[in-house]
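This is the structure I want to talk about, given as structure tokens.
Going in written order, the chains are labelled A, B, C and D, and every chain counts its residues from 1.
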Amino acid sequence: MVHLRDIKTDVKIGSLTLRNPVMPASGTFGYGEEFAEYVDYNLLGAIVVKGLSLEPRAGNPPPRIIETASGMLNAIGMENIGVQAFIKDKLPFLRQFRCAVIANIYGETVEEYCKVAEVLSGAEGVHALEVNISCPNVEKGGVAFGTDPAMVHEVTGKVKSSTNLPVIVKLSPNVTDITGIAVSAQDAGADAISLINTMTGMSVDIISRTSNLANLTGGLSGPAIKPIALRMVWEVYNKVNIPVIGIGGITTPEDAVEFMIAGASAVQIGTANLINPLATMDVLEGILTYLEVQDIADLRDLVGSLKLERPEE
Amino acid sequence: MVHLRDIKTDVKIGSLTLRNPVMPASGTFGYGEEFAEYVDYNLLGAIVVKGLSLEPRAGNPPPRIIETASGMLNAIGMENIGVQAFIKDKLPFLRQFRCAVIANIYGETVEEYCKVAEVLSGAEGVHALEVNISCPNVEKGGVAFGTDPAMVHEVTGKVKSSTNLPVIVKLSPNVTDITGIAVSAQDAGADAISLINTMTGMSVDIISRTSNLANLTGGLSGPAIKPIALRMVWEVYNKVNIPVIGIGGITTPEDAVEFMIAGASAVQIGTANLINPLATMDVLEGILTYLEVQDIADLRDLVGSLKLERPEE
Amino acid sequence: MPLNKRILTGDVISNREVAEGHFLMAVKLPFAFETPLPGQFIMLRIKGKSEPFLGRPLSVYAFQRRREKVICEVLYRVVGKGTQQFSLLKFGSTVEVLGPLGRSFTIFPSEKDVILIAGGMGIAPMTYVAGHYRGSKAGSKMKMICYTGARSMDDLVALERMEVLCKTKVSTDDGSRGYHGMVTDLFKNDFPTLNIKKTVIYACGPRPMLKALAAILEDQPVICEVSLEERMACGVGVCLGCVTAIKDDRGNKQYKRVCKEGPVFNIKDIMWD
Amino acid sequence: MPLNKRILTGDVISNREVAEGHFLMAVKLPFAFETPLPGQFIMLRIKGKSEPFLGRPLSVYAFQRRREKVICEVLYRVVGKGTQQFSLLKFGSTVEVLGPLGRSFTIFPSEKDVILIAGGMGIAPMTYVAGHYRGSKAGSKMKMICYTGARSMDDLVALERMEVLCKTKVSTDDGSRGYHGMVTDLFKNDFPTLNIKKTVIYACGPRPMLKALAAILEDQPVICEVSLEERMACGVGVCLGCVTAIKDDRGNKQYKRVCKEGPVFNIKDIMWD
């Protein structure tokens, strides 16, 4: 029986090694300040910060969120303080922790993606970039880049040449064939694939007959989308040989383990943070317990271990 | 103030007129026998039966279903008695009711779709065909036809020439651009568009490390997918000029009204029937109450009435 | 077509932990609820809750109809989130009940001897079968034996009621009570002593247990009906979610709905793998 | 960085309908729950339930800390499925509480006169402000008036407690009690009589009411802080879901988080459209 302290949980993403596979999902953890009183960041595999663009962005008008069955729609619209302010005002705070800092980046043009990547590569304390080509809530960029394999290839390749940091490409689930997109990203040099971002959705107020979001549509997240995310992780895991980071509705340790069995080397926790600021810690603890109870000494042995044959009953 | 009895609720689908916009979704109402003790079929707009293929199909091995957050995955695999047995054994029973009977059809090849359409066109008591090009749980046909605009055009056009019944094309949400698919179907002569079918998803048992479905993946349905369905209905409504039938997570009258505001001329209720056999009746009653309270004399005035400008607060 | 069926709303009048992780729930139902036949089940949901999302099938364990008072009892083990939520229900909680559902056990006249074989929670429908026979004039004097097994002593629940109804023989996998081994082995030891032509066997339990029973009874001219379990969504036959493989007349595999053509099947008709 | 914050689990010790559709809930919390400042709120969820999915923000209406006993009260109106589910909670139900959260009202020394203006459920935080002043040595003798308005008499809830704390003037849109008209009009009538340099105004209510108030106070050198409402997901500032348009130093529009930079804002900083 393996002992908790002997379990190997490190995850390699390009040249970066994470101490464990648990991190928050971009946009649900701010720039890390608010949750520092709740979560011991030293215990996290990494922190992923809110998406950054070259210039500050105001985002969409309110209302920006609405609850749905086992999920929520958001249309934040990439509000952020811009990459310079991030480096100046937020990064110093994050540097004090042992966990890796992953900067989620966003641009309206390929050039903007590259520029943001460049700027962040020069900053001390950023350990990897997560390229968000999947935001459904902006008019330009975002999901437009994430649905066409050729575009994915271009953005990934150019960002890759703008930085020496590991590059994680975050994909949109709003596509017919997620594997084609993932393979494009890999071919262009991506060090890992994050999936999924939100699914585009809508919600209507039947009295005013308006959308419940000022932006009309929004991105669906939370437990509702978990089955879709899990399927995409499995599909992509079978087609690429770079690590897959599983995201989508993960709320409990069991959810996270499901993603790992389906092929995720690491997991991100998004919406669950909004309900429980300690969600990342709870998931991490539970994964470790699972590994111990199931006598799995190395997390890697769990990743992609789905059995296709069903045991005889 | 409009009176309940004066409210116009009829819906035109090609040459067919439905008395009202409420019907069950295929595969959640069997062939109509089981629910006849629960629901007064004379009050329904139509009955949509389980998908029919040319020959009987055994479907997938169990387990075929698993619950998810606010939804379920199914991998029935198009089990059905075949179109001939349907006509002989099930149709006579359905003929006694005043509501329209819509036959959902499925084929592994374009020819099979056409053959099934032909056979049903000769049968008394079938009022329209719903062409399922979106089933994710079969190896051949199904969703393969529903994700490529050219294929959609071909299947729709050929089915259309095989029948004089109105042809409804039921689309898969597992695509990058639902409007392109819908326009293809319309261009090929579809009389209406049904959307959405289920989203492909997965669920893993973390103890046995097997899929919770023998078929590995399944189709996600229920309230979880409602926001996605609603968005797709809105997108398609704005691109086609044939009626759209809204499907996806509709459980309450409020859900149905949301779909209508977003552009659905009629609605289908699927998974909700499995929880409450009277779901169709409850939804219909609630829609009528809404129309009365909101003083809407004709259902058509509700369809697509979403306001894009938000009222000043 | 009479429109007589609908989901009924019931009030939980008790929900007691009878052994660790095992609960006995009594639900007060409207008069319209039909009297269940042995082997039938209900689909149970918590009113107004979206979790569990689908109803859960539970066998009828006991049933009373006295004047206007209709009470249905179910016995269940907490195995996942649905049964977990059920276990939290309190006096006065409102539940939704669909049923009684499914094909019941065939009830035979008094000449027959009755054997009941229960594994784990299979004790629930078996108790209702025994109660049904004992409550009928013909059945009150029938020869009846129940073989019941569980993993361990602590999982042997609701024995008392069964013991009142008939002779009860017990086994546990760990030997903590009664015969040390599987309930089917306990039964197998007695099998040669039976007058099999005069016997009817009813069984309910995990699939491996029923499979073992099928092996024991192979080629024996004895009537045996078993109740199967399968995940269910609708419980009424419309979704085709709950099928199991059954031999058709020619011995070919055919899927049948456990909720409609079952849950009770002739043991000879079941395809085990 | 001290890790001192977490979601706390509380027990509902009462949840009473004080007027049709309006409930007063008292939750017993662990000692670790910090004493809320006036204007702060909590995020409330029902433990173990997935519906409502997100927490719901509710202002602190009253708060007691006596030895180990910590009790937080909220006053809420049923408007949708979250508050509907809250209204069904019974004595002993378990809730999850995050808080106290948000920027509070600025508390001034005793020289000031205090005006409270409440529309609808805005009465909840206003009562807590009044209680806070009255409970402090400096505030116990301050001049304080509350203007409170609602659609109709039946929606005027929890007046009693406010009336004990300060002079309370009432308006209803339908004239069923007090001044017939909007609470801001009632206030406007008295406004000329105020010593505005010596006055601080606190207000909470629907956006149109606060907008009307802003119009009355335009260009007046009076301190006025208002509490805004916006749909929230996290309540702690990480999701950017709850923003409202605020003027920055140069008068340009800037989104600020109602849960973090608010819910209390200077009325002059708010952009109304």
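Just so we're on the same page, a contact is a pair of C-beta atoms (placed from the backbone, for glycine too) under 8 Å apart; a residue touches a chain by one contact, two chains touch by 3 or more.
Small disclaimer: the values here were computed from a predicted structure and weren't measured.
K.L.:
Using direct touches as single steps, what is the fewest number of steps from chain A over to chain D?
P.N.:
1
K.L.:
Quick check on the contact graph: shortest path length from chain B to chain C, in steps?
P.N.:
When the steps are counted carefully, the minimum from chain B to chain C is 1.
K.L.:
As a test of understanding: of all chains, whose mean C-alpha position lies farthest from that of chain C?
P.N.:
The chain lying farthest from chain C is D.
K.L.:
Can you work out the whole-Å distance between the CA centroids of chain A and chain B?
P.N.:
Taking the mean C-alpha position of each chain, the two centres sit 34 Å apart.
K.L.:
What is the distance, in whole Å, between the centres of chain B and chain D, each centre taken as the mean of its C-alpha atoms?
P.N.:
From the centre of chain B to the centre of chain D is 46 Å.
K.L.:
Distance-wise, how many Å sit between the C-alpha centres of chain C and chain D, to the nearest whole number?
P.N.:
Once rounded, the distance between the two centres reads 55 Å.
K.L.:
Where does chain A touch two or more other chains at once, residue-wise?
P.N.:
68-71, 222-223
K.L.:
Quick one: which residues in chain D touch 2 or more of the other chains?
P.N.:
Within chain D, the residues that touch at least two other chains are 50-51.
K.L.:
Touching chain A in the complex: which residues of chain B?
P.N.:
Residue list for chain B touching chain A: 68-71, 73, 147, 174-176, 199-204, 206, 208-211, 214, 216-218, 220, 222-228, 230-231, 234, 249, 254, 257-258, 261-262, 290, 305-311.
K.L.:
Can you check the complex and tell me which residues of chain C touch chain B?
P.N.:
1-7, 45, 50-55, 82, 96, 98, 230-234, 236-245, 253-255, 260
K.L.:
In their complex, what parts of chain B are in touch with chain C?
P.N.:
Of all residues in chain B, those touching chain C are 27-30, 34-40, 50, 58-59, 61-72, 74, 76, 79, 222-223, 271, 273-278.
K.L.:
Please give the residue numbers of chain C that touch chain D in the complex, ascending.
P.N.:
48-51, 88
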